[in-house]
C-alpha cells in the first residue's frame, strides 16, 4: 500500500480522499492555489503544496504543477478526484512517466472512452444498446432527412463535433425537417467551424440512470448497482438517488451486465461509471449507452450508503494492485439513499454566488451524511465550481430517506451567501419527486413553479428573528456568542416596553 | 399513528426521539426542568412543557409532572427514553390510566423483569441458562460452604437483597470460605439490614453480550443480533460494538433464540434487551442470562448501523399497534459498528465535570454518526448524568470501524470542560482492544496504564497553539472569529519580531 | 396593509412595521448563542439562525431571507433596472454585444460575463438606448458597479 | 532544562519559555477563525482548536490541555495539597468523617460529597491533624473553596 498520496483536486472531494487516506494510514498531500491557501482541504491534509495562482488553468489544471508537487512531496500515488484533470489522459501518462500510481484507468482507456464516437462503438460491440443514429456521409438536406426517416421520428439533429447542447434541434416529421437542418448547420459552423451533422433518435423523456463499475488489475469487473440522476439543470445534476424508482431486478441485471461488458471491452481499471438513458418502465424499459465517465462521480456516496462499501478506499486498493475483495454476488443493496447537492447559487436565478460563509452549520442526525469542502468562515470565490456540500440521506425506504433529507436540509443553515437549499426543500416535496415520476426534463418543466414558491418575502416570524439578531449579537457575523443587548442598535424595531398586548 | 408524542426524558435520547418523530410526521413535546429551559432537547422539540425544578426527583422522576405535561399538551403517547422513569412500572400504569400509549412493555412486564429473582426463573424456564446459584435456606457457614461446593468453585458470595457490587466476595476453595462468608454477611447487614447471602458460580473473565429484541402486539418476537459491551467501568458502559468479536453464527443463533424465548415467556412487547454473560469462545462458549432491560438501550445505535433499521421508529410503530415489518430471516448484519460514549468526566480521575461547552464541534465524516444532547454554548450541570454524546463509527470491517472511530474522536474538539475523549483515543489503540480480546474486567486491569499515557503535560506544539489563541482571539471563549492581534495581550509570549531563527 | 410584528426579546417587547398582516400575539425570540435563536409562536417552537452583516440574514425552516437594515421592506429577489446592469458577482467580461447609441429591446443580450465556469448574460430590463459603456472585454468586474448605461426614456 | 518554544503567528515570531526541550524550528500557527488553528511543524500540518477563558484550552490530536495564563508551567493533573481539600465541582456534602483535632493518615477519607449521581470522596493528601471544618452535611459547596483545614506539620 502507498505511504503517501497526493490529491490533485480541491473542495469536498479532496476532503473525502484525505479522510479515506487517514483511515488507511496513508499520509495525504493536498495541493492548493493561492485562493485555497487555508481552505478546508489544505488544512486537513497531512501536508500541502502550493501549485499556483488562483486561476484553475494555472493551478488545478496544470499537469506540470501537479507532477512537480507529487515529486517534491514524495508522494507515490495521485488521486485526481472528479472534474479538473480527472479525465485527462496526459495527467495519467505523466504520472506513469514520473513513477507515480494514477488512481484511475490507464491513459489509453481515458482517451478511448473520452471519444464519444469510439466509446459508442465499443459499447455497441459489447452488446450495449446505443441511441440509433449516424453521421450521414452525404450531408445534403435530402440525405439527412432520409437518415432521419430510417432512424424513425422524432429525431435530434446536432453538430457531429459538438457538445453542451449547442446546435441541437428536434425534428418531428420529414416534411418539417429542412428548417431544423439549416439552423443546426448554421450553429454548428458558428460554434465549431464544422457544419457536419449527426442524426439520432430523440428519446423524449428519458431518465438518466448510470451504473457504478469497479475493475481490478486481476481481471475482475463488477457493478455496484445503479444511480438515478434525472434531476439536472443544464446537465448539472442536482439530486441523485439509488435505487432508481423504475428499476426491476431483471432490468438491473441486464443493465448491470451491459455496464460490465462495456468496461471489460474497454480494458477498464479502477472505478468508473457507465451512463445510460432509460426509456419506459418495468422489465421492458429500453436503455441506451450514453457515455462512460472514467473517474469517481460526485454522486458516489449514494452507492456507498446503499451497498455498504467505500468506493474511494476501493479505488486506492485497486491502484495499489490489490484484488477486489468482493464478488458480484456478494454485493447487496439495502435501503435507499438520496443525495442533494448544495450549491452556492441563487435558488431562483441559479446564478453562482461568491462571499463568506458567515454561518455554516452542518446537520448531524442518524442516517444523514454530509460531504463538505467548507467550514464556517470559509470564503467562496469565483474561481471554482459552486458545490459547497453534498447531503446524503439514507433510509430503510425511499420515503424515509426523502423525509430525512428534508429534515436535514431544514436544519442546515448557511448564511452570508445564497444557496440552493430553499429550492432543494421545495423539490423534495414536489408531488412528482415524491412519486418518483422523474425524467431529465423535470427541472425544465417544474423549475418555474418551484421558483415561484420561493419568491415570497420574509414573514413576520422571520422579521422577529432578524430583530432579535440585531438586538442581541455584537459580532454575529462570526457566529459569536450572544451578548447583552446593545440598546443603541435596536432600530428599526421600536421598544414596546410596558405595552402588554 | 400518533399525532403528538411526549418524550419523558432529556439529553441525547430526547433529541434522538424528537428526530424520529419529525421524520414520521409526529409532533414532539419535550419536557424540561429549570436547568434545561434552553437545552438542546427543549429547543428542538415542536413544543415543550416545564415539569419542575432542576432536581431530577422533582422533574424527570416525577410521574405526576410527566402525566400532567402529557395531558396539558394533548400528547397521545409517552416515550420514556432510558434511565429516569423508563423502567418504572408506575409510569407505564399511569400512562394507561390517563389514556396515553406508553412506548415500552406493559407495566406488569416491567415489574416482572425488574425483579432479578423472577426474571431469572422465567429465563430458566424458557430454557436460557443462568449462572448456577442459590440462596441456601440454611444460612449457616457450613450450609453456604456446602452450597458453594455443590455449585463448583470459584464462587461469588453476595447479599441476597443487594446490588451495585456491595458485599460481593470471591471464594476459591471450601477451606478458605468462612472469612469471605463472615465479611459478606457483615457488609450485607450494614448496607441492607439483612444478612441473607446468595452463592453463585464466579464467571472469572466474562464478556457482556446482550441481544436486542423487538416484540409487537401481534405475536411476533424477533432479535436484532448482539452487542458486546464488555468495556465498562463500575457497570457504566464506555465502548459497545456489534458484532461481538467472539460470536459465531451457531452461537448467535442459540443465544438469539434464547433471548427471543425469554421475551416470549415474559409476554414482552416493544424493544428490550436480554443481557448475558459469555464465557469462552467459539461455538462451545457458555452463556448465562443476566437480566432483561425493559427499555431502549443507550447503545442501540450500533445495532441500527449494522442491521440497517431504526429502533426508535420501530418502538413507536409497535406502540401504535402496527405489526413488525420484518421477519427474523429478513434481518441481516452488514459490517461492524463501534460506539464510544463521550462523558463530561476527567479522563484520568473519572470525576464528572460541570461547566460550559466553550467550544464543541462534532466531527462530520462518512461512516460516523453522532447522537448528542448538547451544542456549543451548552452548560453542563451537576444535576444529571454526564453523557454528552455518543460517537458511532461504522465500517466494512471491525478494523475500519475502529480506525474511523479513532479519526473521528481526534476531530471532536470539546473545550471548557474535560471529557473522556483522550481516554477513548488511548483505549481504541490498546492492543487488547485492537485484537478484540475483551472481558468485563478490561478497564479494571488496563485502566491505570491508559491513564498513565494521559498524564504528560502540554508539548511545545500545544503551547504554540495556546499562545496563538491568546494572541489572536478577542472572544475565543465563544468560538468567535479571529481578530487582529491585540498586542497588549501577548504575555507570556515574547515578540521575537525581527529575530530570524 | 401595514401592521406591526411584535416579539419578546430578552424580556422586552419590540415591534416593527411590516407590510403584511401579523398575528395578534407577539413572538418570543430567545437568543441561544452562536447565531441560534429559539422562536416561540404560541406553543410552537422552532430553531432559527441569524447573523447581522449590515443586513440581517435569517434561516428558518430551510428558507433564507436577507432583511435589510431599514427593516420595513424586504430586499427584492428580482433585479430592478439598476442592479440588472451590474455584475451579480466578481466576473470576467467575455463579450459586449452592443455599442453606445444602439437601441435595445427588452431582454436584449447586452454583455456576456463569465464567473465560476458559468456564462452570465446581462440583459436589458426594459427597452431603451445604450448611452455609454463602462467595461471592456477581458476586464474583471466587481459586483455593484454599473457595466453600461441605458436611457429608457427615449 | 528550560528552552524556548517559538511560533510564527500572523507573520510575527513569538517565543515562550517551556520546561522541556523544544525543536530548533519554530512552529507556524495560522488562526483559521472560530477557534480553529492550523499548526505547521516542518511540512506536517495539523488542525488544533483553542479557546481562551482565563486559561487557554487546547485540543490537538484528541488530547486536551489547559495551559494557564502564566504559560510557563502547566497545570498539574494530580491534585496538590490545597486543591485536594476542595470540591472539584459544585457538590452536596453527604457526610463528614472527621472532627477538628483528629489526626488523619494519608488517604484517610475526610468528607463524602455527591454530584451528578456520583459519590466523590475527599481524602487526606498527607498525614496531619484536622484543625477546622468549613462545611456541614447537606451543604451545597462550590469548587475552589476549602472544605476543611489540615495541619500537616504536627
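Going in written order, the chains are labelled A, B, C and D, and every chain counts its residues from 1.
Quick note on the criterion: a contact is a pair of C-beta atoms (placed from the backbone, for glycine too) under 8 Å apart; a residue touches a chain by one contact, two chains touch by 3 or more.
Note that this is a predicted model, so its numbers are computed, not measured.
Any chain touching chain A that also touches chain D appears here: B. Remark: among chain pairs B-C and B-D, B-D carries the greater number of C-beta contacts. For the pair chain B and chain C, the distance between mean C-alpha positions equals 50 Å. Averaged Cα coordinates give chain A a centre that lies 28 Å from the centre of chain C. Averaged Cα coordinates give chain A a centre that lies 40 Å from the centre of chain B.
The set of chain A residues touching two or more other chains comprises 377, 477-481. Shared interface positions of chain D, i.e. residues touching 2 or more other chains, are given as 32-34, 47.
Put simply, chain C touches chain A in their complex at residues 5-7, 9-10, 12-18, 20, 22-27, 29, 31-35, 37, 39, 41, 46-53, 56-65, 67, 69-72, 74, 77-78, 88-91, 115-118, 120.
Those residues of chain C that touch chain B in the shared complex are 30, 32-34, 36, 38, 43-45, 47. Put simply, chain A touches chain B in their complex at residues 16, 19, 22-25, 301, 304, 308-310, 313, 332, 334-335, 362, 364-367, 369-372, 377, 396, 400, 403-404, 407, 475, 477-481.
Chain A meets chain C in the complex at residues 346, 348-349, 351-354, 358-359, 361, 382-386, 406, 409-416, 418-419, 421-422, 424-425, 454-455, 457-473, 476-477, 479-482, 485, 490-497, 499-501.
By the touch criterion stated above, chain A contacts chain D in their complex at residues 38, 42-48, 73, 375-377, 478-479.
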